[in-house]
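As structure tokens, here come the structures.
Shared between the two complexes below is chain A, which has chain B as its partner in the first and chain C in the second.
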Partner chain A sequence: MLALKLAFKNLLGAGLRTWLNVSVLSFAFVLIIFFNGMIDGWNRQGRKDTIAWETGKGQFWHPEYDRFDPYTIQASNGLMSDEILKETESKRLVPILVVQATAFPQGRSLAVILKGIDPMQTVLELPVSALLSDNGIDYAVIGKRMAESAKLKVGDKLLIRWRDKNGTFDAREIQIAEVFKCDVPGADNGQIYLSLRTLQEMMELKNHATYLVAGEEFEDRELENWVFRDLDFLLEDFNKIISAKKAGGSIMQIFMLLIALIAIFDTQVLSIFRRQKEIGTYIALGMTRAQVVGIFTVEGGAHSILATLLGAVYGIPLFLFLNKVGISFGVGQGMDITLAETIYPYYSIRLIISTILLVVVSATIVSYLPSRKISKMKPTDALKGKLQ
Partner chain B sequence: MENHSIIKIENLVKSFPVGKGEFIALDNLSLGFQKGEFAGLVGPSGSGKTTLLNIIGSLDTPSQGKVMVLDKSVSELTNRQSAQLRNKHIGFIFQTFNLLPVYNVFENVEFALLLQKMSATERRKAVMDALEWVGLTEKVKSRPSMLSGGECQRVAIARSMVKRPEIVLADEPTANLDSRNSHNILQTMKNLNRELKTTFIFATHDEKVMQYLDRIISLEDGKVLKDEIVTDPKN
Partner chain C sequence: MKILFAVFAAFAGFTAFTSPDAKEILDKVDRNMSSNNRVFESSMIIHGRRTTRTISSISYSVGTKKSFTEYLSPAREQGTKMLKLDDKLWIYSPSTDRIIQISGHMLRQSVMGSDLSYEDMLDDRKLTEVYTSSLVGKEKLGDRDAYVLDLVAKVDDAAYFAQKIWVDAERFIPLKQELFAKSGQLLKRTEFSEVRQVQGRWFPMTIVYKDMLKEGSGTEFRITSIKFDQEIPEYLFSKASLKK
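== the complex of A and B ==
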């Protein structure tokens, strides 16, 4: 308590120098929370969107299917068992048939993936009910990215060509029924959604699917002849991007923190040099050297407490505001990663506490390092203030 | 005056390395101080006055010889023990006052007591008593920067006396004061010496201080040149 009381007295007594250090440290503190809050917000939104639009709570893959290997697509589909068909009827599983094809928008050729999906499904947010047709037209639904890259819009007709299960080329004209907007490129880029039944009929693969998307209501269990892929597997790439962004951002944060810590270190060195008489007086009054080291260490560390308080003064309103209105990037559609146009930062208690600990511990360490010099001081020299 | 020896110095040698050689600050010095003495170490600069005070105050250790303070050998004390000795039994008064600038008068005087286990009420009473001795009860909330040199030194005296130590070591306490303030603070110290039987040892070459001393020990080149009892000191 004595050390803390002394520390705050001395710090506040030092005036502008203290507040400069505290300001820089508080800026680093707020920046660390802001940046990590952004990444955490992105992570939460990205995961939520990917689950809602693409992965569900997990997927059952045909054993041959590899989403990164186009050569596996033709052969990676299997017949759905009665058990699976029952689950799909009750909307707990969504079967998806994946087929490679070529589209010819306005005379150009474009490699696309055709995905057959039940128009009545409710597991994914894809607006595929537009695929329902009672007039003989084969409707298709595409995402905004796909629409932009193929220059397609609702009502456009598009010729597609594919090879059926026997390897025979076939072609058909489809009509764009809806263009949806989502933040998950994996559910959009280069993909054309057709009714599952239509695609099965086109491929002569009745009751076949490439993978099955599990909804929240699906009771976890294994399905024979299908391999379960959990969210860790399905979101692996996204998690890697988030980790890479965090690592990249931490360089800037460490740099900011270092500037603040160097300022504290410098202040401590100067303070110990200038306040030799005071140090000698503490010892003459009956303090041990270790106690004096403690006072100076706490004093340096107390910068971090003031920085936390100052950071809270302008950080809390700022974070609350950003949390409410979000931060608009407006570039998500052009990027190949799951990124919403507006990100709502997420500031967890864990993030705030760990950042406070990081700032307090690092400030205390850099304060302790120069303070160790006191333990080697001769009190008689300190009282004269003649140490160099 | 009680005939009770509280400081015994036998064959004390203190040397400091200077370049490749060494400087002998105290040369085979033997002395003793009784409880309640108002004694002064006098002599020119470099005679060893401050060095001797520092060793008595366990801020420094002897190179050779023995220094017993309150029956404790200074050279055998650990850091913690010598800190305790200073905290409980020895008060210091410095030429430059050495007050803590961010503390007010009350807090400066209270500081010495914060290191002891004492309740806030007891501390407050002890501090106010000490400030009353030196006549500064009206300035408890003033910072050192708001005080005159004489007032600062009186705060330093209160700080050294608040814990009622057996010994007060004063290193050139009047060097930064004018004549009137010097007499004032010397009179204050003399009164405290009489009332509380505290032993005062000064390091000085100020004639004004010498007028008040009961005993004058003249040092030169680290040796005792003269050790005389003053029969009629100024009161």
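== the complex of A and C ==
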């Protein structure tokens, strides 16, 4: 307790030098929390959006299906059993049929993926109810990215060409019924949603699907002839991007922290050099060397406590503000990764506590390193202020 | 009435005598257009939206199952090779020194920006193997008399469900071909011209392909020299030959 009192007294007595160190350390502290909060916010939003728009709580794939291998798509669909059909009727599973095709917007040819989906589904947020047609028109729903790349808008007609299950070309005109906006490129880029029944009829693949999306209400179990893909599998790439971003960001954080810690280290070295008489006096008054080392270590480490307090003074209002308005990333629409236009940082208790611990522990360690010299000092020389 | 019927019967009989039936016409077309093997040099003139490119190549083919093409110019495409074996297609690019197999949706991509897709190149079975035909009339195309035939696929895996084909009534080579989707949508139009006699058979030296769903003036395929029934070394039709 005495050490702590002395530490704060000395720190505050040092004036500008202390506040300079504390400011740099608090900046590193706030920056670490800010950056990790951004990544965590992106992660939370990205996962939530991907689950809502693309993956559901998991998917059952046809054993041949590989979303990254276009060669597999043509053959990777299977007949849905009665059990599956019952689940789809009660909206617990959404069957999706995937077909490769070519679209011809404005006389250009564009490779697209046709996805057949039940217009009445409620598992995914895709606004596919617009696919319901009672006038003989084949309606289609596309995402904003697809609409921009193909220069399409609601009401536009689009000629598509595909090959049926036997490989025979067919072509048909479809009409864009809705353009949706979502932050998940996997549910948008190069994709055209049609009614499942329409696509099955186009392909001559009645009751066939490529994969089944499981909704929250689906009771977890295995389905014969279908392979279950959980969220860890479906979000693997997204998780890898987040990890890579975190790793990349940590370099900057370490660099910032290092600058602050070097400043504390420097201050400690200077303190011990300039305050030899004080050290000698402490020992002369009966303190052990370890106690004196403790005083100086606590003094250095106390920088981190002050930095935390200072960081809280300007960091909390800043974080609350950012949490409310978010940070806009307009570029998200052109990227191939799930990135919301506006990211709302997420600051977890775990993040804040771990950052405080990181700053306090690292500041204490760099304070201790130069203080070890005290244990080698001769008290008489120290009292005289002799250089050692 | 009887006289009218007699005149009609006589006319029908005369028509039947002078016009071969549709299958016979297609057989003759297949005989002209197919060969045991052939070696030809050609130029592919691609009329794009803004520019026109010419790509020249030499091709070796045996029946409908094997073919090997090497691109000779322009410099950017020089050395690119393409090998077709049955329903598989590989491309070798000298810039990357890699062989890639073209399959899946890549087959739908156009060949070097032309109106031909890779899958068009793969599917070259004889017409009589794939279609049932009916003679629907006779028309004049330019200065040539042509039989007009409607073809409907008799096999499940025909690339085009239906075709309309104009066949030169004298030389039995196609002059024009229209390819239709199952829905009846016209997908492609091919026009054949500069018909010459090569080694005893008539053969069109210029073919213009037009993807009817795309804008543009189509792709012109000009054969500069062609030889049938040549001795083509077997090693040419192997993946190893792509890197040679």
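Criterion: the second predicted complex is superposed on the first by the 387 of 388 C-alpha atoms of A that agree within 3 Å, B and C clash if a C-alpha of one lies under 4 Å from a C-alpha of the other, contacts with A are read in each partner's own complex, and residues count from 1 in each chain.
As a working rule, a contact is a pair of C-beta atoms (placed from the backbone, for glycine too) under 8 Å apart; a residue touches a chain by one contact, two chains touch by 3 or more.
Everything quoted here is computed from the prediction, not taken from an experiment.
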| item | value |
| --- | --- |
| Simultaneous placement of chain C and chain B on chain A, clash or fit | fit |
| Three-chain overlay, vertex chain A: chain B-chain C angle, C-alpha, nearest 10 degrees | 150 |
| Contacts of A:Pro119 with chain B and chain C, given as first, second, both or neither | neither |
| Which of chain B and chain C A:Gly41 touches, first, second, both or neither | neither |
| A:Gln100 touches, of chain B and chain C: first, second, both or neither? | second |
| Which superposed partner A:Ile73 touches (first chain B, second chain C, both, neither) | second |
| Partner chain in contact with A:Thr168 - chain B first, chain C second, else both or neither | second |
| Which of chain B and chain C A:Pro185 touches, first, second, both or neither | neither |
| Partner chain in contact with A:Pro379 - chain B first, chain C second, else both or neither | first |
| Contacts of A:Ser109 with chain B and chain C, given as first, second, both or neither | second |
| Distance of closest approach, chain C and chain B, by C-alpha atoms in Å | 73 |
| On chain A, positions contacted by chain B and by chain C | none |
| In the complex, chain A residues that touch chain C | 69-74, 100, 102, 104, 106-109, 111, 159, 161, 163-164, 166-172 |
| Chain B - residues contacting chain A, complex | 51, 54, 57, 59-60, 79-80, 83-84, 86-88, 92, 94, 96, 98, 100-103, 111-112, 114-115, 159 |
| Chain B partner contacts - residues on chain A that touch it in the complex | 2, 9-10, 12-13, 277-278, 280-281, 283-291, 378-380, 383 |
| Residue numbers on chain C that touch chain A, as the complex places them | 103-106, 108-110, 153, 156-161, 179, 181-183, 185, 187, 211, 213-216 |
